[in-house]
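Structures given as structure tokens follow.
The following pair of complexes shares a single chain, chain A, combined with chain B in the former and chain C in the latter.
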Partner chain A sequence: MRIIGSVWFRFREMRLRTLPSTLWKGWRSLGPTAQGLGIVLAVLGGLGPVLPVALFVFLILFMIYAAWAYSINLITGMTGYVSFGHVVFAGAGAYALAYGVTAWGIHPLAGVVAAGLTGALLALGVGVVTLRLRGAYFAIATLVTALAAVYIVSGTPALGDGSGIRFYLGFQIGTQYYAIWTLLASEIALTWWVTRGRIGLGLRALRDDEDAARAVGINVPRLKLFLYVLSGGFAGAAGSVFTWFNSSAFPDAFQLAYSLDMLAMIIIGGMGTLSGPWIGAVVVNVPRQTLLKLLPQGQPIVIGLLVILIALFLPGGIVGIIRKYIPEARRYLE
Partner chain B sequence: MTARLKAEAVVKRFGGVTALDGVSLEVSQGAVLGLIGPNGSGKTTLLNVLSGTIRPTSGHVFLDGERIDRMPAYRVVRAGVAKTHQIPKPFHGMTVRENVTAAATFGAGLREGARVRDEVGRVLRLVELEPRADVPASALTVQEKKRLEFARALATGARFLLLDEIFAGLSPEEVRASIEVFRRVQAELGFGAVVVEHVMRAVLSVAHRVLVLEEGRSIAEGTPQEVVRDPAVVEAYLGQEAARAPT
Partner chain C sequence: MADPATLVASLVYGILLGVVFAAIAHGLNLIWGVTKVVNAAHGEFIMLGAYGAYFLNLAWGLDPLLAALIDAALGMIVGVAFYFAFLHRELRGKERIGHQTEMVTLVATFGLALFLVNVTTLAWSMSPVGLRYNPGNAVLGGVTVPLGGVYVGIASLGIIAATHVFLTRTYLGNAVRAYSQDITAAKLMGVNPTTVAALATGLGFAMTMAGGALLTVYLRVGIRPDIGHLYAPISFVIVVLGGPGKMWGSLVGGITVGVLIDVLQVFIPTEFAYAAAFLLVIPVLALAPEGILR
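Let's turn to the complex of A and B:
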């Protein structure tokens, strides 16, 4: 007994001494960008209980956009495959939740999970076919899926034909807030994870030169599909929160404009970076919810112009340009 | 038993064009096979078939008796056959060391950090790229990019290398230096190789045997000395050059 007791004592001592330092080491290894995003997320999470409703609304919409930006960043940002069809996953997620809560009466959180699975499965199916194509051909193929989806959904009686699905679940703004917060935090963690280690190395290789990546033994098709499925899953889940928030799903959830917004955010922020989607979401979504409310027709023009200017003069987006001209910032901004 | 890379009656058609018309070859580990022939004779196509980059219309490729002609390219690499690109394709956004690390990580399947670092360091020393290890690959000269292709192929741990014009586009001194490096590394590691080359002097000095292609068929095979004296080869390929040579 004495032996066991002393072993146990030493074990406890060891844990007590090493746990804080392990945590500290883990925190340090995240790097400044992830730390910064982590702090912002913690603040957003902590503010939940004390937020006024108007701010809830603002932040939920903002986080939905940011979640979409991180989702498309996983495929387009990481691999360079431009997906115009991302709205399909978002829209499918939206309808999955709407259908689930109306037809089966499931809890909306279960609806969000179902929406994520729907998006992921759809991405698996679409990806197996379209990811064989490269460059412009992939972009066109995904564009076609987006155009087709509107017609398919509008013509499906179970999904309300063209008139959509409406539902009312009561005032659940707090749950919605934490649902999208959780999604966004998971995406950021995932983005951080895939840019590191073995997968990160494979991704950088794939983005630089796909043929060479194959030639050094990288399973390129699997890597692309893996990212596409994750990307589709998160786009679907975020889309379902949007629908939950709006208490309805209409065929215009498949509007191409959503795909373009998602692309705009990562082009403006910086493709394939950890902080770029967040910055892009701020640039695209915050004005939309404030200043640009005054001129609804002008929104696409302003955002479109911004995208063109950035693509022409600042390839790499805001993050890219800062990293290029301020070398000292490279350590802090991924 | 020494390992063997073997192609049997490989045919490759692109639409109506027959690029390879029943080519067979065999290389054992440690041996260097030179592959020569006029432009458009099918040399690069043959390398692409051997590396799994394209699938043959008919015919088979075996590595140690295992068929590899239906495998995706990345699996052929892991099985032990790596190819370099005629026009170097470095990962531009990475340093030289990271380029080679990618090959050691995925091609050779090394997982442990220290082993990867050792292996990468060893390969960079072998091909004399060590002083440039931490330079971005985009900043390399043509010769260095070709060395990097070679280094990446080595780092995959492949037992057979398919080298597509690694001496082309270099100055005579660079060719000499690169031949030197190739022979030393080959002797040290003992891999088998198929070397496609336009620079005749280079092929003749690195290859143990030479296979000559013309219009997708092999028209001669033998030691470099035999092949250059073969009348069919002289006519098909060496014609002008041999006529001019002061023998």
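Let's turn to the complex of A and C:
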């Protein structure tokens, strides 16, 4: 009786204490970087109802770019396989939403989900064939898939024959804002999760030496495919929000320039890190939305030079430089 | 349905086009095969070669064949400079090219591509320019073809044959091939790795830029700073088809792609013909990742 009583007492005490303390422990275990990103996301989410329309537009475009950066970070940043044609997923997602909304009249949010599935399926198809090969072949295969997609879309009457699909769904800027916010938040959570524990260790081994990782029993092909499918899905979903925001899908959605922007964001920010894609999105997208009107070619020239310098001399991007020279900042920038 | 005459005509056009594609892809093939590095800015150097031909034509009225010679000399200089600026730091002292090197060079040359496209757009604008080169027509196998295409095709074959002779019949060429097969063994035989890699890169660039000059004959819509976005992927496809480092692979791959694009257009819309040529890479990578040549 005494034993049962003490067990009950302990159980009750545990139940009373656990919820707040586990939450607090969980929050502490996130680490300062994830906490910081979480706070920024919470502020962005909370600001939603009181934002003026101009800021809505700015933030939606920024978050679409950030979502693309986190998406390409999942495959290129985590594994080192350069995905040159990442825009193909964004474009496929864009057309999935546009087609679903115009031909079947589905709700745009369902269109975003369908776009995510389209992107993931496409990534599965390309990934099964090419992820077994070395990095350069993968880069080329993704690039030509993106180009082939432009030609296929431009020649298909059901997809507007190259002149695109236009639709008008009314003023839905709030829904769009929270759709891309949710996507971005889940990507950041996923990135955080992937960099920890077994998967994170496996990834680090894979990036340093693929053969060695294979030899110690990591299922390298499955790990790469898993990340690529997730990456394709998120890129597709973010691309569909872009289309929804623009109320139209054109073959221009497959423009190589988007691929290059996505890649530049993670190279500049820091590949395979949690905060790098965010920093890269700020560096690439904010000047584009503010200074672009002055000199359209100026920004890509600067970004091209930055990419060369960072690739050759400062691998690790902005996050890598700060972590190298300011050891105290390491905890805050993962 | 297509009649035989149309089919034969598109076959002849396809072969002529494919030979020029082969010359362009050959530069990429040589660099990839020897240094194991993929130059993501390949298309931008094709574009610079094409602009070179245009400006030489504008200044001195040179035709693309002569311009290709000057482009090749320029390409040699640019290529050696490119080697020391981009590849030397990564390749120096390495006896096996790993994943890390591959990624760093891909990303750095990608930055170069972004830089070059936008600098040339700023300098020469996006509006296309063209040059006049029309030496008349000839009849080839019952098909009337423009003589310009024939000359350019012969020049392309000449470039590929000259490379073959250089690589198999000269001391330096043998050193290049030895380096591409086994860096350690080549060094033991007294080959200086830096000289050989720089030379191969320079030659690759010379061919790329000369190929860009020859290509101007086929650029009906004109030369624009972004033509590399089409012709670089075509070169990648050709090299993957033939297998990187296999010198006849460029010719086989080039003619395959050229014929495929021109013959398929008889049956299906142009857009799908191009898409099919690009997507050809996926089954080839799945079934024969070393290329279709044994």
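Rule of thumb we're sticking to: the second predicted complex is superposed on the first by the 318 of 334 C-alpha atoms of A that agree within 3 Å, B and C clash if a C-alpha of one lies under 4 Å from a C-alpha of the other, contacts with A are read in each partner's own complex, and residues count from 1 in each chain.
As a convention for this text, a residue touches a chain if its C-beta (ideal position, glycine included) is under 8 Å from a C-beta of that chain, and two chains touch if they have at least 3 such contacts.
These figures come from a predicted structure and were not determined experimentally.
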Exercise for review: Superpose on chain A as described above, then tell me if chain B and chain C fit or clash.
Suggested key: fit
Exercise for review: Check the contacts made with chain A and report whether chain B or chain C touches more of its residues.
Suggested key: C
Review point. Given the touch rule stated above, what does A:144 touch, chain B (first), chain C (second), both, or neither?
Key: second
Exercise for review: Could you tell me if A:130 is touching chain B, chain C, both of them or neither one (first, second, both, neither)?
Suggested key: second
Check your understanding: What angle, rounded to a multiple of 10°, is defined by the Cα centres of chain B, chain A and chain C, with the middle one as vertex?
Key -> 70
Review point. So, A:183: does it touch chain B (first), chain C (second), both, or neither?
Key: neither
Practice item. Check whether A:75 is in contact with chain B, with chain C, with both or with neither, and answer first, second, both or neither. Key: neither
Point to revise | First, second, both or neither for A:303, with chain B first and chain C second | key: second
Exercise for review: Report for A:59: first if it touches chain B alone, second if chain C alone, otherwise both or neither.
Suggested key: neither
**Study point:** Touching partner for A:216 - first (chain B), second (chain C), both, neither
**Key:** first
Revision key, fill the gap. For chain B relative to chain C post-fit, closest CA-CA distance rounded to the angstrom comes to 8
Practice item. Using the superposition on A, tell me which residues of chain A are in contact with chain B and, in the other complex, with chain C. Key: 209
Point to revise | Contacting residues of chain B [partner chain A, same complex] | key: 51, 53, 72-75, 77-78, 82-85, 89-94, 98, 101-103, 105-109, 111, 152-153, 155-156
Study note, to complete from the structure: Listed in rising order, the residues of chain A that touch chain C in the complex are 80, 82, 84, 126, 129-130, 133-137, 139-141, 143-145, 147-149, 151-152, 154-155, 162, 209-210, 256, 260, 263-264, 267, 297, 300-301, 303-312, 315
Study note, to complete from the structure: Residue set of chain C touching chain A in the complex reads 32, 38, 40, 86, 89, 98-100, 102-104, 106-108, 110-119, 121-122, 229-230, 233, 236-237, 240, 269-272, 274-276, 278-279, 281-282, 285-286, 289
Practice item. Enumerate the contact residues on chain A facing chain B in the complex. Key: 198, 201-202, 204-205, 207-209, 211-221
